[in-house]
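Notes follow once the structure below has been shown.
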Amino acid sequence: MPGRLLVACDDRPGIVAAVAGFLHREGANITDSSQHSTDPHGGRFFMRMEFVRDGLQEDAADLEARFGEQVGEPLGGDWRFAWPWQVKRVAILVSRYEHCAMELLWRWRRGELPCEMVGVVSNHPELREQVEPFGLPYEVVPTPPGGKPAAERRMLELLAGRCDLVVLARYMQILSGAFLDALAVPVINIHHSFLPAFPGAEPYRRARDRGVKLIGATAHYVTEELDDGPIIEQDVERVSHAEDVGALERIGADVERWVLARAVLWHLQDRVVVDGRRTVVF
Amino acid sequence: MPGRLLVACDDRPGIVAAVAGFLHREGANITDSSQHSTDPHGGRFFMRMEFVRDGLQEDAADLEARFGEQVGEPLGGDWRFAWPWQVKRVAILVSRYEHCAMELLWRWRRGELPCEMVGVVSNHPELREQVEPFGLPYEVVPTPPGGKPAAERRMLELLAGRCDLVVLARYMQILSGAFLDALAVPVINIHHSFLPAFPGAEPYRRARDRGVKLIGATAHYVTEELDDGPIIEQDVERVSHAEDVGALERIGADVERWVLARAVLWHLQDRVVVDGRRTVVF
Amino acid sequence: MPGRLLVACDDRPGIVAAVAGFLHREGANITDSSQHSTDPHGGRFFMRMEFVRDGLQEDAADLEARFGEQVGEPLGGDWRFAWPWQVKRVAILVSRYEHCAMELLWRWRRGELPCEMVGVVSNHPELREQVEPFGLPYEVVPTPPGGKPAAERRMLELLAGRCDLVVLARYMQILSGAFLDALAVPVINIHHSFLPAFPGAEPYRRARDRGVKLIGATAHYVTEELDDGPIIEQDVERVSHAEDVGALERIGADVERWVLARAVLWHLQDRVVVDGRRTVVF
Amino acid sequence: MPGRLLVACDDRPGIVAAVAGFLHREGANITDSSQHSTDPHGGRFFMRMEFVRDGLQEDAADLEARFGEQVGEPLGGDWRFAWPWQVKRVAILVSRYEHCAMELLWRWRRGELPCEMVGVVSNHPELREQVEPFGLPYEVVPTPPGGKPAAERRMLELLAGRCDLVVLARYMQILSGAFLDALAVPVINIHHSFLPAFPGAEPYRRARDRGVKLIGATAHYVTEELDDGPIIEQDVERVSHAEDVGALERIGADVERWVLARAVLWHLQDRVVVDGRRTVVF
């Protein structure tokens, strides 16, 4: 498993040479490299490198310090290393529709999602029986009318400091800005339309009413502005006049499953970098 | 080439039997048949049949009269026959982007679009050289500021009564309701986004700003409400952070070409039926 | 849930009228209808109709007899009714790869596959723990070298007369013609390549060696000729030089899952008709 | 327009650092970078970099010499620079089907293919009228029975030394190894199936007979072994039982057009590197 280095800074000549030169001096072999510049003149520069070397784990802290001193500080941007032994801890929030949560758990069990699953939280008890065979705790945190502040406090007890990523796998409650701030880790949501079309509720019904010929799903980072966070991944499926709302929901469930699975995988692989309202996906 | 029969009426038992029985009594063989009901109890029923028989051309008017008397009147809905010898006449409206118009002309020349092309009208002279090798008239009707009423009058002189379908192949002027009424034939437009996302101007720039991972195009019938007419066909292509607005336009141009070509073909084959804000595409 | 009628006979005028007229006389409303003719002159005609009527269950046997007498016998082809209360019984055969079997079980549990699952048979014990939470028996029938005849006898005890469809969900043993004859129900297999490319073993390694840019999967009915039965469904996913064989297997596993799920669903909905080496999928 | 540097050598630590360090010392800014290693231990390493700098054109020869001395020779692999002012010269070979050639000419005219078109050669006269409006010479070189050696000699007179790429845009003659050797530039062919399925003649008829649910096209470099050269790009389109061979040809013509256009574009952008029987497409 390789180490990863992510850099985001103002574009200028010499960044690749500085970073590649550093890794070479450290005896590392660059096995993958991607870069993106929003504009070579005055734009923003993003880079992701994977590299291998023996003995990384013992030396990682020192290597990070040396990088900061020799490259990071002079560049003046953001940078971080991601190490293979720092496995990300993931929590899933779900309501009553099970398909997205099951897809993630199933891929995790067969080794496709490189993470530690810490548990599932739901505002409903229904999915307990399907989740527990995966050997995970299933916590029910109901959100009765007026009960959202208490529910969010309870969820913070369960989640804050205990996970590095929260996935909303068809969790049908809106999370407050205060909750997101206190949680302080990225949150990925799956929205059941190809945003920005049909934001908000009942997208399949509205897609049916509008007579669209494609329905889709969108995985995005959650921000305080509902359905407006940076998009990580989208996909669509073809539909026709013959599909009623129920059929659109069934077809859409498949698109939701694989769009969310891809977005979570790419996040776990440190491939997704937020660039304002957009993402760079290396 | 088969005859076609299209029926739209309130759903009730016996419609297929009545229509199929009529065609059988007339000696015709049904070679293709499609139907759609919005709801078997109290919904709307749509049907398209293709049939073959010797000597149709001599007998068509009488056969239509017999159908009206024996089936159409009792059913109380809309119905029409489309005959292979009634080739639809098509006019293309275009501004400066040539790709959609060229795609249609190229497919027409190689025999893929069963229609008579009557000519191209543009508010700009630039595409004359590309259009005329197809052996078609290229009429320039400029629309200077304040000149739209005169332009629409001139276009009506050129088009009204002379075509059965008008295709807006990236024609960048909004047509008035009065013009559409006077034209009195279906008008198909290609919009360069996956509607209802990004209606109106500059969809590619707005797609780039929003960071979507798919861009698309939409072919729809034109109504007075801009970009809100019944959708005939849509498709998308995958894009990434690496594509700037110019790249999105190039990628989108291909999607526009094939979405518009499919929509026009299906209209010419009498496959598209308007059902309120939606279409049934058989 | 509608009744379904499937007809296959030599093409000639009047088939649709005869069938639709019969259903109308019986008081049924045709809610869906599809037909296909390999050639209107001397070809083979296939038809599938869905219809609704009150009291079908009490009257089904008589209605079938009346159809045979009034329509089926005169037509001289094959026909059958499929009734919603005759739920098909399905058995799954699997070896060590779980993804296809899990996909089917998961869809069945959420109500997407209209069938009765009767159990899972495997030549390996590994998947017992994953299957049993679905409430299904998991039978291990090992196939040691030289032990295939005994294994097939044991499987016939378990399956013959107890299921209407067998699905090979990555079952890695070749079934003998004698077994297939004795089983006497359709068998659907998923092959992990876009047949006819890469038949036989190790398709992903061979796809990698050949440098293809798309990998695929194929669901087909099993015949005695390996990988050569009538294809029901195929799909592909894009790959690149960056994917090694392991990555192709992971990507391909997703294609296999959804191709097999679609093929099984369509079979259960009586949408698939075998036409020699091909299928008609209505 | 950037300069491009392509490197292929045995993988080892330090390659990226060496190349990026060189470009930085030369005052160039790396605007895009891709790499691929078949195996970090003992594999083959491929790299493509784009870079910008003022005054490249005056200095290019010296810069290449300095790169060879400082980086290329020590690395011991293959490397080449591609400069934006060295526009590749392209010739098209075509028989009677026009769609692929028209697609390339049309994209070239609208500025999407960065090349100089030098002309079209055909073994048939039919497409002259469609080609000449593009302002290009159309040379007819018939290949009567027994006349292939003479035809190849004539084509070498027309093409050898006058183009950097030859595109077989549905050219239906097999080119001899001697011809390819004497031509001494890459040749891209479009094959009308998703190879390795249906190599050779009449792929659409064989696809119809086999009952496949997807048809495709493959763009590949031509080698002496027919239909076996390194694949650059492939794509497919969904088909059904309803499509006869003629319909498959029409649908396939669209796939052929866009697969060939992408392959040619990527070649012109120096994105395609041959790796034995495979290609790396950056």
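To keep things simple, chains are lettered A, B, C and D as they appear, and every chain counts its residues starting from 1.
Everything that follows uses one rule, which is that a residue touches a chain if its C-beta (ideal position, glycine included) is under 8 Å from a C-beta of that chain, and two chains touch if they have at least 3 such contacts.
Nothing here was measured: the structure is a model prediction, and the numbers come from that model.
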### Query
In the chain contact graph, what is the shortest path length, in steps, from chain B to chain D?
1
### Chain whose average C-alpha position is farthest from chain A's own
B
### Query
When the centre of a chain is set as the mean of its C-alpha atoms, what distance in Å lies between chain A and chain B?
41
### Gap in Å, rounded to a whole number, between the CA centres of chain C and chain A
37
### Message
For a test of understanding, state which residues of chain A touch chain C in their complex under the given definition.
### Response
98-99, 102, 106, 110, 112, 133, 250, 254, 258
### Task
Spell out the residues on chain A that touch chain D in their complex, using ranges where they run on.
11-18, 20-21, 23-24, 27-35, 37, 40, 52
### Query
What residues on chain D touch chain C, complex-wise?
36, 194-198, 209-214, 216, 230-236, 240-242, 275, 277-281
